[in-house]
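Both of the next two complexes hold chain A, though its partner changes from chain B to chain C.
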Partner chain A sequence: MAKRILFLLNRAPYGSSYALEALESVLVAALFDQQVSVLFKGAGLHQLLKGQDGAAVGQRTVGKMLGALPEYGVAGLFVCAPSAARLGLTEGDFCLPVTLLDHDGQRRIINEQDIVTG
Partner chain B sequence: MATLHVLNKAAAWTDCEPLLGPGDAVLLIEDGVYAARQPLSVDVPIRALDPDVQARGLSGQLAPNVELASFDDFVALVVSHDRVVTWSQ
Partner chain C sequence: MGLWGLLYCRRHYASLLAVVVSIAVHGAPYASAAARTALGFVESALRLGHRVHRVFFFHDAVLLAADSVVAPQDEQDMQAGWVRLQQTQGIELALCIANALKRGMLDEEARRRYGKPAATVHAAFTVVGLGQLIEAMMQSDRFVTFAG
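The block that comes next holds the complex of A and B.
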């Protein structure tokens, strides 16, 4: 029975391996046909910026990997609206279509999950 | 459909607090217990893991609405909630 899993991603890419490792977990969960959603919060929004080039620092490009999520069946791609406002980012800055959520919306999504992980 | 919010960093409180809902609870662990030195004005139960409080010399210095928790309490809290969200930044 598929589990509803929400990945709460709040780390910037490249400065540490957190973002890449979490993203790999998202892809694995999706590969195993779990009901996977992702909520980007705080510094995690930087993973969504266009024009990333991980090769410049000898790393894989997180933004490009994110582009694969829809093909893996990850339907729920959410962004914390207050974080976006605080960071001065809008949907036009992001490398894939996302749904902006206020705190109430995020609470609703969290309460629908079986598992919330990072 | 209650959620237990576990914080292991004090600064994570700013991300956690707006997402607290009715029936939820907060458990401060590791460096998260430093958040309990100021009053945390929310109406959900807030617990702080006693060993982490003792280790950091904070015994007796926690905000009045924060209750200490043992490791057994930690387990009981996890079991009595539908899901756990860990805030680590």
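The block that comes next holds the complex of A and C.
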């Protein structure tokens, strides 16, 4: 039976390989037909920025990989609104359509999950 | 009811509530406490009668499996603790293959395939695909991540 799995992504896209590796696990979860959602928090919001190019640092472009999420059937793409406010980012800065959530909203979607992981 | 009776009831009660647990460990050994905390968690879960389906080492946590590790004498040997669990309880210790290869963690098969001088993964660990992470999530009642 499909599980509701939330990936909480809070790492910057190029400071380490964590963002790319986590993204691979998100994609595999979606391939296994699980109900996958993603919540971006903190430095993880930088993964969503428009106009990034990983080639400049010899890596794949995280934002471009994220673009595949809707095709893989990842339904929920959430962004921590307080993180966005702190970083001075708005929806127009992101390369994907996302839903901004305050802390109460995040608590609500976390409560709905079977599994919350990184 | 004597002490043994109480203990028996507790054990019996625990087995009724037993769940299947899998965990993911993300943090590097020594650079984070993830592997140590996770080991304590798994030992406690087993003591309480729960079943541990799989331990999945991801990101830098794959380095825990290095066969060449020499633990300092005055510190807990973290790898030894995990190896003991595998050998005595048959707990599956799985490394993400993509994360392992690029960090130089090779089992014998990978060593041969890529023509490297030595296998580097301790025999208690198995190198598996990411699908096994998701399978562990699907097969377990509880899935806990030790991010580090």
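To be clear about the criterion, the second predicted complex is superposed on the first by the 118 of 118 C-alpha atoms of A that agree within 3 Å, B and C clash if a C-alpha of one lies under 4 Å from a C-alpha of the other, contacts with A are read in each partner's own complex, and residues count from 1 in each chain.
We take it that a residue touches a chain if its C-beta (ideal position, glycine included) is under 8 Å from a C-beta of that chain, and two chains touch if they have at least 3 such contacts.
A quick note: this is a predicted structure, and the numbers were derived from the prediction, not measured.
Participant: Please work out whether A:47 is in contact with chain B alone, chain C alone, both, or neither, and reply first, second, both or neither.
Facilitator: In the superposition, A:47 touches no partner, neither chain B nor chain C.
Participant: Going by the contact rule set out at the top, does A:103 touch chain B (first), chain C (second), both, or neither?
Facilitator: First partner only, chain B.
Participant: First (chain B), second (chain C), both or neither: which does A:35 touch?
Facilitator: Once the two structures are laid over each other on A, A:35 reaches no partner at all.
Participant: Looking at A:118, would you say it contacts chain B, chain C, both, or neither? Reply first, second, both or neither.
Facilitator: In the superposed model, A:118 contacts both chain B and chain C.
Participant: First (chain B), second (chain C), both or neither: which does A:61 touch?
Facilitator: Neither partner.
Participant: Kindly classify A:3 by the partners it touches after superposition: chain B alone (first), chain C alone (second), both, or neither?
Facilitator: Once the two structures are laid over each other on A, A:3 reaches chain C alone.
Participant: Which of the two partners, first being chain B and second being chain C, lies in contact with A:24: first, second, both, or neither?
Facilitator: It touches chain C, and chain B stays clear.
Participant: Which chain A residues are contacted by chain C in one complex and by chain B in the other?
Facilitator: 114-118
Participant: What part of chain A is in contact with chain C in the complex they form?
Facilitator: Against chain C, the touching part of chain A is residues 1, 3, 5, 17-18, 21-22, 24-25, 28-29, 32, 34, 114-118.
Participant: Applying the document's contact rule, which stretches of chain A touch chain B when the two form their complex?
Facilitator: Chain A residues touching chain B: 8, 10-11, 41-43, 82, 103, 106-107, 110-111, 113-118.
Participant: Would you pull the chain C residues touching chain A in the complex into a rising list?
Facilitator: Going through chain C, the ones touching chain A are 24, 26, 58-59, 96, 98-99, 102, 130-131, 133-135, 137-138, 143, 145, 147.
Participant: Would you tell me which residues of chain B are touching chain A in their complex?
Facilitator: Residue positions touching the partner: 1, 3, 15, 18-21, 83-86, 88-89.
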